[in-house]
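In what comes next, chain A is part of two complexes: it sits with chain B in the first one and with chain C in the second one.
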Partner chain A sequence: MHNFEYHRAGSLADAASALKKAGEDGKLMAGGQTLIPTLKLRLAQPSAVIDLSGIKELASIKAGAGEVTIGAGATHAAVAASKDVQGKIKALADLAAHIGDRQVRHRGTIGGSLANNDPAADYPAAVLALGATIVTNQRKIAADEFFKGLFETALKPGEIITAVSFPAPEKAAYMKFANPASRFALVGVFVAKTKGGVRVAVTGAGESGVFRSAALEKALSGNFSAKAIEGVAMPAKGLNSDIHASAEYRAHLIGVMAKRAVAAAG
Partner chain B sequence: MAPLDTGIGAAVRRREDARFLTGRGTYTDDINRPGQAHAYILRSPHAHATIKKVDIKKAKSSPGVIAVYTGEDFKPINGVPCGWLVTGKNNKPMIEPKHPIIAEGKARHVGDPVAVVIAETKAEARDAAEKIDIDYGALPAVVDMKAALKGGGKSVHDAAPDNLCFDWELGDKAATDAAFAKAAHVTTLDLVNNRLVPNALEPRAAIGDYDKATGEHTLYTTSQNPHVIRLLMGAFVLGIPEHKLRVVSPDVGGGFGSKIYHYAEEALVTWAAKQLGRPVKWTADRSESFMSDAHGRDHVSHVELALDKDNKFLGFRFETLANMGAYLSTFAPCIPTYLHGTLLAGNYSTPAIHTNVKAVFTNTVPVDAYRGAGRPEATFMIERVIDKAARELKTDPAELRRKNYIKPEQFPYQTPVALMYDIGNYGATLDQVLKLSDPGGYAQRKAASKAKGKLRGRGIASYIEACGIAPSNVVGSLGARAGLYEAATVRVNPTGSVVVFTGSHSHGQGHETTFAQVVSSMLGIPMESIEISHGDTNRVPFGMGTYGSRSIAVGGTAIHNAVNKIIAKGKKIAAHMLEAAEADIEFKNGKFTVAGTDRSKAFGEIALAAYVPHKYPLETVEPGLDETAFYDPKNFTFPAGSYVCEVEVDPDTGVVEIQSFAAADDFGRIINPMIVEGQVHGGLAQGIGQALTEACVYDKNGQLQTGSFMDYCMPRAQDVPNFKVAHSVTACTHNPLGVKGCGEAGAIGAPPTVINAIVDALQEYGVEHIDMPATPHRVWKAIQDAKARKR
Partner chain C sequence: MPTVKMTVNGKAVSAEVEARTLLVNLLREKLGLTGTHVGCDTSQCGACVVHIDGKSVKSCTTLALQAEGTKVTTIEGLANGEKLHPMQEAFRDNHGLQCGFCTPGMVMSAICLVKETPNPTEKQVRDGLEGNICRCTGYHNIVQAVLAGAKAMRG
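Our next item is the complex of A and B:
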């Protein structure tokens, strides 16, 4: 990797000021699970890396009435193990328990994953399907407004995710069909029956990253059962085609994973 | 043989594992020489491009840089040689273009070295390499083999305008055509043997070291055969005589063939170390391994099988395109020919066989041997087409095979494709594998799978392989530029301990245990008194290395013969000491005894006498106890076996899960059954990897799309079932240990077994073939295509 200034932030305010000082070539690092490999491959050349992993206030997980707020610095392992998350939104704990491998889960964080918005990441599906709210050091952003395309989010320069607030759903489940090589989601479908209605988010498949499936939401709104999905046409248009899966196969898998998720949600 | 629990046949735990498992191995990258500099190799991002101009000015003045070299600097130096000359039809020799150390004027694959930076640290070398400015003229890439042969102005090498390296055939074409003309049934199949990246756990590394005082070069390298590297690099590339070149291959973390070959990086660091008067180290990172280690397989074939009305095989006909990549790697031309064409009789007494192989240059990484090397490709063709024939003829695939097996009484058996099989009993391994795999309960298991919404399939395949490579006179007549014997020195120390210097090289095989067991058995001394030394040309007298499942059959026999020389000399010494006739001395259980008496001398006493020869037959016997044997095998060995696999396919997703896998092998006599079973497991895992997960993919521009583990899928523990393994034994007839070798069997037999099972599972859709790897996507697609055909 190339040389850079390393700053281990002690507090959110410290991180924000260090980021400001670094200018546009400064980079925040949470768990580093994307940034470090990118640096090692010399695909990124930041002037400064501001490490958020030492900020204790970002790591908390708190349950409120009908919701769970997860600090941006909570690792996937911490989310998976949290009794609060397991109790309120089991699907989210299950999702976290199956991200990457054990090493990744103990370094990677929810805030880092969302800020990176990898089109094959798991968390975006949960955030979008559960209608979560992303809390930053400047404002609150609704999930529907947050994801803006491949590795693109609504975050502005200098903005740092501090927490994600998830309303507890009535029912929810996530089913991932893993890419055989990378184990990222080739197709991941998160279904949730929420107070505001049924929400279905798909990751791994879309050309522009995570998206909600209006067709599946409509089918499930009347009848939240696997059977309701049968016969719902999933168009291949707008889906990825690569050496691992054609758009048609991904479209087919969305249906299969959605059915399995609905069945698992009970 | 001595009744020791560490002798031949004992499941002794691997002695080397304590070192490996506690991180105390010494791999090439663990070695650091005083004053060592580091090399970083800049590699072509283009599959095919002219190199118009290389500007190294900025790189040269980058911090820490010692030297920057380009293709110009290596022009006077020979390229990397090819170790095998294949002669094609009409006596036309293969086209053998220069394989430069650093590309000269043209880059021919992504990863082709175009410049090298040597600096104080690896990071500085890499920083400087980014400052090299290369003006490339991109050329259209040659990727697809069929398109490549049409040429059309796209040539990897000017010397081969239509990209044909050689056009080779084996077998009697007229007789084969006649067999097909009278056939009652003909089964045909088009198939691909997928390209694989070897992915040894340890990436390649090399350190060049030059001693100005003595003029001696030392190369530390990740090699399966250090003497071969010394010969190829010393004699053919750099012109360094053997006595001034030492090659050391310390612990090596897996090879699978990819570390047989002499690579440009080895010559590069050796040459640069002398230029600079400093040791130079290079270690590949994983990305570099993907684009510079020789790949494996990559055949496209058409297969035909002719049968008579009684389902007896009349003839096999094969047409194969074999990818050579951009340059000829050390053994590349022999893989699709003499390690492939000669195996096309399989386990069967087919009277007429003909094969035609066209070897093709493409703008891809060179292709060479990978675990099995030609034999998996041959076996896949044979066993897939037999399976298809069984289905077409509505006969049991196991019984169709059995009917056509070469019978035990037919050995030695001369095949129509050059080889003479010495011995085997294919029916015995078939019986064993059927017993292990419970065919009687299959219908019930299939119904249980169906109840879960899964499709169950059962596949069988038999295989034979030619191992113990190889009789030197035979391979010499076929184009090998080396002999393929093995050497061993057995050195008995004065106090009776033994060091064995072997030309075989262990990079996972467990030689330090297996070879010691052979010596322990023969000399009646404990394992602890025996050291196995390998991997250093200054210690081991000579060696051809480890590949082609040859270590025990060739290297082990050399050790055996050297030990026998020790015993013979010991008898002379003992006869003198015991005042008896030499002919009356027996050696047993570590003791030299006068036959029929209780007068004896222990092995250790004889060893001491040999070095302290006070009461010693000095007139007729030299002091010392140190013997060397070179063993050149009389024939190949022919391990064989049959495998059965059951799979479940999820028709909704195309996911294949292996439910059970049974393997019955005949490796001849087995020295260490635990190590053999481990070799079988490893081979099966790699074979399953080829069948289900692994695919090296280039796009039409020659870009490597599977350049990391994010896209190249190695099999994981969850992809592999618990194996049921059994052995039957027909002892090899032409080596004294009766051994055949076991390293490659699993990788040869597993792919057709798995694919046969998947195709069987998909019978309700009428799927007749599926190419490897049978990924979920591919299986799903095969189902959809079959459904569409039915509509």
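Our next item is the complex of A and C:
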């Protein structure tokens, strides 16, 4: 790992000013569960790392009327254990409980996961399917506008995610087919029956990261049941093919995981 | 070089480290606490698990500077003099190890798991040890040891 300047931010304003000072080679770190392995592999060589983990205001989880707002610094373990999240959006607590392993969940954060936008990460599926809003230190970004491709988001230089606001769905569930070795999602499907209609988001499978499936949403809109998905054609076009699974296999898994998710959502 | 201050196994520690120094390297190389192992160095195997403020973390994926002001516990901090921690005792009684390389991480993960889930089922133990790999594949006795250790910790 190359060396870097380390700055432990005491507040959001402090983090923003340290990031500005560091310029384009500055990097924010929340739990570090992706960034530290990336630094070890020298896939990133930031001149400065600004640690957000000491900013207490980022770690809160608050439930309002029909929504839950999760601070960007909330760890996966904290989201999984939160009574507010379990009560309002059980599917989200379940998803958080199965990210990585226990040790990763003790440090990894929702804000870090979303800013990184790994194409096999779990949280992007929940954010997109639930129609969440990403709150930054500068603005609010709708989920549909946030994910821009592999490891690409709508975040601008200097922008820091502070919270994610999730509207509570009528029904929702997430199912993933984990890679047996890495436990990352080979395919993960989050289905949600929301006030605005049915939304289905798929992670792990797409060449450009997380995406919504219009075909599944249409099929489930009239009849929110696993049976409604039978016969829905899942094209392999635009899906990943690698040593772990072919695009055709991933396409098949999307249908299987979607059915299981709908059944689990009840 | 920056200075980091923390409590390790109950003792106040202050050390000069590079920003890139990993917690595991501080523990092993500067503090001589070589019970914490480096297996994979890629956050997979869990041989490096220690507790930061009571929570199990992978010390190969934590910067030493991130532990500023925290209470760190390593495998060396569990026993009370000659008296082993109940989870260590359970690993010995159940032969919960083969080569022993993964054992410190297994014990640290198990203690945190049992603190959060005092009466775990076998499935909860197996799921809870997902982040710890035993290259000898000696999982059967490790799981038995954790179940016995949980019982002993409940008292």
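In this text, the second predicted complex is superposed on the first by the 266 of 266 C-alpha atoms of A that agree within 3 Å, B and C clash if a C-alpha of one lies under 4 Å from a C-alpha of the other, contacts with A are read in each partner's own complex, and residues count from 1 in each chain.
One rule holds in what follows: contacts are C-beta pairs under 8 Å (C-beta built on N, C-alpha and C of every residue); 3 or more make two chains touch, one makes a residue touch a chain.
As the structure is a prediction and not an experimental result, all values here were calculated from the model.
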_With both complexes overlaid on chain A, does A:195 touch chain B (first), chain C (second), both or neither?_
neither
*Would you sort A:51 into first (chain B), second (chain C), both or neither based on which partner it touches?*
second
_First (chain B), second (chain C), both or neither touched by A:139_ = neither
*Give one of first, second, both or neither to describe whether A:36 is in contact with chain B, with chain C, with both, or with none.*
second
*asked:* For A:5, using the defined touch cut-off, is the partner it touches chain B, chain C, both, or neither? Pick first, second, both or neither.
replied: second
*Examine A:249 and indicate which partner it touches, taking first as chain B and second as chain C; both and neither are also allowed.*
first
*Please work out whether A:21 is in contact with chain B alone, chain C alone, both, or neither, and reply first, second, both or neither.*
neither
*Which partner reaches more residues of chain A, chain B or chain C?*
C
*Would you tell me the residues on chain A in contact with chain B in one complex that are also in contact with chain C in the other?*
2
*Touching chain B in the complex: which residues of chain A?*
2, 41-42, 177, 180-182, 184, 243-246, 249, 252-253, 256
_Touch list for chain C against partner chain A, complex_ = 2, 18-20, 22, 41-43, 46, 49, 52, 55-58, 61-63, 65-66, 68, 109, 112-113, 128, 130-131
*State the interface residues of chain B toward chain A in the complex, per the touch definition above.*
126-127, 130, 287, 652-654, 693, 695, 697, 705-706, 709-713, 775-777, 780-781
*Which residues, counting only chain A, touch chain C once they are in their complex?*
1-6, 8, 32-33, 36-37, 39-40, 49, 51, 53-54, 77, 100-104, 106-107, 183
